[in-house]
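There are two complexes below, and they share chain A, which is joined by chain B in the first and by chain C in the second.
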Partner chain A sequence: MGNKYHQRLIWITVLALIWQLTALSGIFSEMIFPGLDHIFLALIESFKDGTLVKQIIFSLSIIIQGLFLATAAALILALSSYFSESAAGLIDTLTALAHPLPGIALMPLILIWFGSGRTAILIVIIHSVLWPLILNLSTGFNSIPDIYTLIAENYRLNKLEFMFKILIPASLPYFISGLKIAWARSWRALISAEMLFGAINSLGGLGWFIFQKRVFFDLPGVFAGIIVIIVIGVTVEDFIFKKIEIRTVKKWGMLK
Partner chain B sequence: MKKYILIIIIISLTLFIISGCEGPDQSNQKSITVAEQYGLAYAPVQLVKELGLLNNEDSDIKVEWKQLSNTTSIRESMLAGEVDIAFMAIPPFLIAKDKGMKWKIISGLSESPLGLMTNREYIKTLADFKDEDKIALPQPGSIQHILLSMAAQRNFKETDKFDDQLLTMNHPDAMNALLAGREVSAHFASPPYLFLESKEAGIKKILSGGEAFGGDFTFIIGVSTEEFYQQQSENYTLFLKALREAIEFIEQNPAEVSELLADNYDLSQTEMEEYLTWPGMEFTTEIKGLEEFLAFMTAEGYLEKKDYQRSELIFAEKNDLEDRENNEAEQKRGAAKNGE
Partner chain C sequence: MNSYLELKSINKSFETEKRRKAALKNINLQIKENEFITILGPSGCGKSTLLKIIAGFSRADSGQLLKNKAQIEKAGLDRIMLFQEFEQLFPWQKVIENVTFAVKAAAKNKKNKLSKAAIKKKALKYLSEVKLENYQDYYPHQLSGGMKQRVALARTLAAEGEIMLMDEPFGSVDSQTRQELQQLLTQLWQEEDRTIIFVTHDIREAVFLSERIVLMKNEPGEIIKVVENKMPYPRRLSSREFNQLFEQLQGQLYN
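This part shows the complex of A and B:
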């Protein structure tokens, strides 16, 4: 564990150094390739005037809401397709149709049906998260060893007990990796949706923040926004998902 | 440790290779890349393209037309050296200039009526906007945004009064949203959207561009990079000539131009002519309102640097250009004589 962070730190330092040297060398104009000093100045400036914090909170709140709704929906759909064959047919068809469809392709429709507000962004997120989650959950449910289901029958567990005591815990590794995919995809969906839909009460999230910096020709500001996205992404991956894994699937011996 | 050093070397080598890849034979070729945008105010540029005016001047010249969807991406491709000449409104030009982009104005292109259109009955003036009424416009820092800020400053002494109500939308989307009448209460429109919207029942104009600005102003200007101006001065001059020819043609013969361009704009010929000659629609090389935009945008913090000289913003003007042409001609004659 410690070694991994050690390595990462070294690499980040090396990359930053190369970046800064390239910027200082003057191969590229400063407008195309700003130095790290400019970027961090822009970052600090944006934190100081409070705009960035507001946008981060806005973006995170939509993502959490979207992930929560999509996870709940995916659980319900995957469970019903596990228990009912006709539901499985329908959900399978829907997934096959909708999964390859990028959220961006739906933007014009969403704009007309739901306007350009928070709801629209939420729907884009749910769309890009729901289908991979269902796929992962279904795979997880279907790869449970028969012996588990037999045990459930032996104990005469009813459906609810079976779901919460056997089905979901036994497929948790799939669930967690599904959530990881969902998290990454929801970020992408969010940022592109925010860039397209424009601000609502000048609160448009991180995507909007980057777009605004771009429009005002402020490249260090654009990089500042990108850095924030990276930091949040890494933090969630390294701390939240890792912690969940350590407490559950690793502890249970399902994952090395 | 050896491994690390090796990888660092590889990465730095890759970087140098990438930097070496940049643009092979850019300077000596006879080519112009022009960015085009959709809109009636750009009609002379379309005309240069349709009539091949540049090739009339010099048949060897290679002209590339690039379709880009908005001012921001045009600016970015100019910065990347992919576009030589582009057309946009004064504020986006000034914003990039202020951030250090090396470019100047070639010429004015058009003046145009602009208007803040609303679909809400209770909105009669700017003061009637409620907090939940959304105003659609292309993007922050666009001419529409600056005009709205100017009007807000004039009427309420509050430049950013409407900034919390803006929705960034391109004109076609904004028009659809305005006609749908739900999400959007107002749209700061330019032609042809302005004209199309003004024909719809229930949609009215509450503020014109002129009222917001407090006078006449140039809507679209032509801009080019200093690099292109210096390194390809011949092409620059050629383009300017072709552009002036096109502008003159439109002003003198709108009927014929309408016939030529109607298909480009997906309009009938009569509509096209009606729009081209709409009151307030002027095609002229004159640049109006530059100082006013500069003063307002500096005062309101959109620009940081003050005190731009006119010569820092506009390339050498018409007389100089003719002088330069004459000089060049003379030099050639001189050279020919020497050669004899």
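This part shows the complex of A and C:
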């Protein structure tokens, strides 16, 4: 694992060098191809005046809220479809219809129904998280070994005990991989929704931040925003989810 | 003879593509309290199906299943099943938690309130009976197959049901471990008041373990004969008596 990050660091350095050389060579105008020095200056500047931090907090708070709500809803729906056949039919139909629909396609509708505030962005996030999570949870629930249901029957567990003591922990690998997909999708959805919905009181999140920088043709600012988006995305995928896996499914030998 | 557990003309068939296949035909059996009985037969003779019916996981098409003259309807903690598969342990729980799972379930079933310490103490007692008290904080995937089955045995014991049902529990471990586990099981059975119904296709295992051996045959699954095995415990695989009974059973199974 250390080797992987080592390699990554080397390649990032190489790519950064190529970038900087291209910028210095003057092939492109500095306006459209800023050097790394300008980009980092812009990054530091935006952090210093506090605008970037505010946007990061705004974006993260919406996405965490959205992930939390969608996860709770997905758990309830996937559990109902596990225990009830008619619920399964309905939820399966809804998922089949809604899952392939990109959140972006819903935005005009959301604009009309909910306006362009925080609620609208939240709905886009929930949409992008809910369906893949339901799919993964249902697959997880349905692939637990038959022996577990026999044991639950044998030891007279009630439905609630079965859910929390067996069903959910037994399908945790699926749950976590569902959350990973959910995170990746919602992070993309968030940035695009923020661009489209704009800001209230200059608070519109990272997507709005880079969109705004474009309006003023501040390319170093745009790249600064993109770097922040990449760093947050990678951190969550590589560190937070890795940590969760190491402490649970890997420790339990449920994931190689 | 006191009839503790009674199986009366049990029939069971399965639907296959073309026809109904009889899995069990007219099974009659009386099992005594605290008896160690094995059901011995080739694969496909319905012995596991019979055990599942006794466990309450599956229902007979016709016939009766009685315990102390009362009809058994569904699965319960008085008849705990020990399976062959290693995956019967919960991988997300430590060894000790896998055993407290049974202690808690049994306490709840009897409407007993047990303190955390009492639950742990009881689980540890059963873990030490299978000689795994030093492995309480391990996760199942860190154990060998034989150790996993010992944990599963401890969990089965910890449910404190009167009857233990065993579906070839030592079928997936190597032969040396298997002998150790067989020895352990007969010891535990002699120390505690339990009825054990043990399914196997291994004649030696049946002769080594049980007081009575129910012989079954294939197509349809029927009882051929019930053989008494009065050899004293601990039994020796090399003794003359052992081999005589082994050969007799082999003759009866594959005449």
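Assume the second predicted complex is superposed on the first by the 256 of 256 C-alpha atoms of A that agree within 3 Å, B and C clash if a C-alpha of one lies under 4 Å from a C-alpha of the other, contacts with A are read in each partner's own complex, and residues count from 1 in each chain.
Keep in mind that, in the parts below, a contact is a pair of C-beta atoms (placed from the backbone, for glycine too) under 8 Å apart; a residue touches a chain by one contact, two chains touch by 3 or more.
All values reported here derive from a predicted model rather than from experimental measurement.
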Which partner chains sit in contact with A:Tyr155 here, chain B, chain C, both or neither? Use first/second/both/neither.
second
A:Thr139 in the overlay: touching chain B, chain C, both, or neither? Say first, second, both or neither.
neither
With both complexes overlaid on chain A, does A:Lys251 touch chain B (first), chain C (second), both or neither?
second
I'd like to know which partner A:Gly115 touches here: chain B for first, chain C for second, both or neither.
first
Please indicate which partner A:Ile18 is in contact with in the superposed arrangement: first for chain B, second for chain C, both, or neither.
first
Chain B or chain C: which reaches more residues on chain A?
B
After lining up the shared chain so the two structures overlap, which partner does A:Phe211 touch, if you call chain B first and chain C second: first, second, both or neither?
first
A:Ile32 in the overlay: touching chain B, chain C, both, or neither? Say first, second, both or neither.
first
After overlaying the two complexes on chain A, where does the chain B footprint on chain A coincide with the chain C footprint?
none
Within their complex, chain C touches chain A through residues 55-57, 74-77, 79-81, 83, 85, 87-88, 90-92, 101-102, 105, 108-109, 139-142, 159
Give every residue of chain A touching chain C within the complex, in rising order.
145, 147-148, 150-151, 153-157, 165-166, 169-170, 172, 248, 251-254
Inside the complex, what are the residues of chain B that reach chain A?
4, 8, 11-12, 15, 19, 72, 75, 79-80, 95-96, 99-101, 134, 139-142, 163-169, 173, 176-177, 180, 182-183, 302
Mind pulling up the chain A residues that touch chain B in the complex?
10, 14-15, 18, 22, 27-32, 111-112, 115-117, 197-202, 211-212, 214-218
